[in-house]
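Two complexes, one shared chain (chain A), two partners (chain B, chain C).
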Partner chain A sequence: MIIYLKNIWETYATVFEGMAITFSYLLQRPITVQYPDRMKESVPETLPEKYRGRLMVDTELCTACGLCAKACPIDVIEMKGGRAEGKKGLRLIYFNIYHGKCMYCNLCVEACPAEDGEEDEHHTAIYFKKNFEGSSYTLNGLVEQFIPPDEARRRLKESEEIAAKRAAAAAETTKNSEAKQESDKPKDGGDV
Partner chain B sequence: MITENDLQSRVEITPINGSEIEINMGPHHPSTHGVIRFILFLDGEIVVRAVADVGYLHRSIEKIAENLPYPMFMPYTDRVDYVAAINCNLGYALAVESLAGLEVPERATWLRMIGAELNRINSHLIAVGALAMDVGATTPFVHAIREREYILDLLEILTGTRMNNNYVRFGGVCQDVPEDFFKKTEKFLDHFVLFLGEFNRLLTTNKIFLERLINVGILTGDQALGFSFSGPNLRASGVGHDLRRIDPYCFYSDMEFSVPVGSGVKGTTGDSFDRFIVRIDEMLESVKILRQIMSKIKEGPIQSKIPRKIVLPAGESYHRSEAPRGELGFHIVSDGKSNMPYRIKIRTGSFAAMTSLSELFKGMMVADVVAYFASLDVVAPEVDR
Partner chain C sequence: MINLIYMFVFSLVYLLLLALTAGILTYVERRIAGRMQSRIGPNRVGIQGILQFIADLIKGVQKEDIIPADAYAFLFKIAPYLVFMGVFLTLVPIPFGAYTLMEDLDVGIYYVLAMASYVVIGLMIGGWASNNKWSLLGGMRSAAQKISYEIPAALGVFIVVIMSGSMNFQKIVAAQGASPVDWFVFRNPFTFIAFNLFFIASLAEGNRVPFDIPEAESELVSGYNTEYSGMRFLFFFLAEWGNLVVIGALVTCMFFGGGSFWYEWKISIPAPGRDPIVFEVLGFLWFLFKTFFFVFVIIWIRWTLPRLRIDQLMDICWKYMVPIGLISSLGIVIWMYFIPENSTIDRIVRLTLTSLGAITVLYFKYRVYKNLKITKATIYANPFV
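On to the complex of A and B.
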């Protein structure tokens, strides 16, 4: 009987102790915030420096080396580089990021060798923006084309022309050198 | 009043003449925390037989590992146990580093330990909060989730992401932290100790909560070892087995912390309440470890030089570490030629916990099934991988 009453007493005492804690929260300021319209400052400003938001690429900085695409475990990055008129090295032809696939693992950013030397907002060619609001109504909306398709087609054509020109030039030089070699060699009727 | 023994004997006496009811608990059940299914054969309210059905969350992570170079598999280890991602990262990194013989700078090791211990607190908060919710107390879960939110803010500064951090790299970590991170962490730890006191007043002393857990799902030390339990579940059964103590990795050998062991404070050793209280105590130990790390960490490099293409010597090795859900082991087999593993086997604590279910569920009430299962702190993706 005493145990029975003691159990009842304990139950009530501990339940009311919990209730008191819950009640004390009624008198405190709420810790919830009204997102997004009633924030004092915008959320990206409150994020830490190296926050991994939406994946972006700086098309001016990018050297089209393709290391990021190789480092990605799930083929988020689809890119191609090619030669351009009046530019040493490679230029981007197209650079597409499939945001729907990206798992924000940072491996591509670590692989990127191209860095800008700026003191503030220093970043590599491929980098994470602080913006995390990337929802889209369509699946295709999650594919971001950093070079517009028209521009990409033009660049592809240009690079193909240059490649063709260079191939022709290379063929010319090899032909010349072969002809030279052939003229040096005694003729034995060999077909080259 | 019906005692535990009465229930057991009743099950044995009752003839099973085709009158048992088969019910499916799950795959989508609020108390299974993920997609796990039990098939329960009931006699009235008492479980006669039970079958645990796993595999709903199988993503063939181990097979994926065979087709990826070692560094590219790191993000997948996050997904082995998403509640404690850095612990899984760390286990994998240690396994590969020990095989490849890579050096890790001192500061990187400290940062790894900070990440792992913060993740441990985070994971145990989910465990105790979800246990409270499964036995009917909703408010403590919200409190636990609120505290976890502060930890996620800290992890955001440390790693750049809130979950699935992919923080650890071979030979170091992916980024350094700003100096104010340590101040923020210390402020959080002071707050967290106070919070745990409040949480204990709210939940741990609550009579109704205690009655739901005490003497439910008793596992003796021998039984727990027989089911190859590890981590908090094994320690709750009275076996003081902690890999951070008996097989130290990182700088855990320099840390001063005690290993909480279940002693049957309210009921019998190894009951569900012991599994609960061991996790509460372990959070306090993690706070102690974090304070020691913070006093010892120094400036320095965070990444050592590693070869661009990692090729492990031919052979196999097993490396284990203490994750919040028990021993996390990576068994790596390498053929010594390619930069991909020949085979990776991941051993997780949750899977071992699942093996005990069909044995322990016998003779339990349906409500106790939920309490016992929640006290094991099983996370579904860790079971299936």
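On to the complex of A and C.
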């Protein structure tokens, strides 16, 4: 009998408590934000410091070393570097990121050796933006080409030319050196 | 002839009003649910989303009306209308004002109970005709539930009928008064129990949480209306929300003094200086206010409590509500025999119960305040975000 009455009492008491809690929520401001069109501040500003949004490459800073492409476990980054006129070292020919594949693991960023010397969150050539928008209706829309195709073609040609020139020059040098070696040899006759 | 036209027009107006109210209630419920879950709820269609239900309606009408190949087509088609009709018919004897009612039935309460059980037939038919085991289970469950809970509901009603000495809603309202002391809830302990019995049983009869076992979205794939689509599906929902109004109105009539203002109910000859129309309108508004308060409470309960298991459901009915109902219907008879109305004891009891009610409300306020403090939230009472 006592259990019986206790059950009834507990039913009412717990329902009462529960209803007090839900009512208190009725008096609070909802936590939901109305993204995207009714926001008071832009969303990226509200994101935490180390938020990983879309990948971004600083094509000026990048040394086209290819470490990021090697570090990526799922081949998100497709890039190629080549020689350029009036520049020491390599220059990017193309740099494509397949955003649809990326899992934001940060491995590429850790691998990147090119730094701009600042101590902020994106001091490397490849870094995460805070922007997460950029949905697309096609899979190809998720491929971002940091060097536009035309430019890439031009650069490819240029680098090929340079490579050819250098190859030629190299051939010349080898020839010359060979010739030198040849000439160093005792002249037994025969043409050069 | 003129009577027939009059009847027709009136029922059309009632029907449209009920449909409109049910539609708006779906929107209100979703907004309240949103706020209780720290969300916002629909707020895009129209000002603050008030036209959401019309958008839903248009969407429902556009959908294809699918009838499963093996379903019993005729019964499948009429089931939603039966359910909706059952809910609509319960409105007939409910007095929204002293004169604003469809028909002043002498067997008002009896009629309402009968119509409430009539809904079961619609649900059963819908569940059975769909030729789907989930639907059938849902229909069976709802039948089992409604039939069991009819007993406590009837016992609650029985106590009210004994107290007021009539089954006519007008007389029941007239037996109460304008002030809380005169309401049947606070009249004596047994009527208070009757209120609890009736309210809980109505929740169960209306398939509302925590008694929404026939619908149980997560286990029965929505129960008896699984196979329905488009307009027919909407009819079930219209019935469900229309039922909220009915429950609210019934509780108001039977336990909370109906629309009685600070004047006598149904004054046939208004005292000088009293405009009957003004009082009628005020009474009507007062009635609506109480009704929608209870609708709010029902919605609030829905978003607070989890669903019961079927054995718990039956436990509550047969082990708790029915015995308590039986004891209190015996108790009310003894009470009425030994303690005449307006005797000293009667007055003391009334006052005590009313003040207990007031204390509960105050304590409730305190608990809400405490909860707000715990969450360290700032109060934002504005319903619009």
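The rule we apply is simple: the second predicted complex is superposed on the first by the 177 of 192 C-alpha atoms of A that agree within 3 Å, B and C clash if a C-alpha of one lies under 4 Å from a C-alpha of the other, contacts with A are read in each partner's own complex, and residues count from 1 in each chain.
Just so it is clear, a residue touches a chain if its C-beta (ideal position, glycine included) is under 8 Å from a C-beta of that chain, and two chains touch if they have at least 3 such contacts.
Predicted model, so just to flag it, every value in this text is computed and none were measured.
*Asks:* Applying the touch criterion given at the start, work out whether A:Ile31 contacts chain B, chain C, both or neither, answering first, second, both or neither.
*Replies:* In the superposed model, A:Ile31 contacts both chain B and chain C.
*Asks:* Just checking: does A:Thr174 make contact with chain B only, chain C only, both, or neither of them? Give me first, second, both or neither.
*Replies:* Neither partner.
*Asks:* Based on the superposed arrangement, let me know which partner A:Val15 touches: chain B (first), chain C (second), both, or neither?
*Replies:* both
*Asks:* Mind working out whether A:Phe23 is in touch with chain B, chain C, both or neither, as first, second, both or neither?
*Replies:* In the superposition, A:Phe23 touches chain C alone.
*Asks:* Counting contacts the way the document defines them, which residues of chain A are shared by the two interfaces, the one with chain B and the one with chain C?
*Replies:* 7, 15, 17-18, 21-22, 31
*Asks:* Quick one: in the complex, what on chain C touches chain A?
*Replies:* 32, 34-40, 300-301, 303-305, 320, 364, 367-372, 375, 377-381, 385
*Asks:* Mind pulling up the chain A residues that touch chain B in the complex?
*Replies:* Touch residues, chain A against chain B: 7, 10-11, 13-15, 17-18, 21-22, 31, 47-52, 71-73, 103-107, 110, 128.
*Asks:* Mind listing the chain B positions that touch chain A in their complex?
*Replies:* 68, 71-76, 78, 139, 146, 156-157, 160-161, 164, 166, 169, 174-175, 178, 198, 201-203, 205-208
*Asks:* Would you mind writing out the residues of chain A in touch with chain C in their complex?
*Replies:* Touching chain C from chain A are residues 4, 7-8, 15-32, 34.
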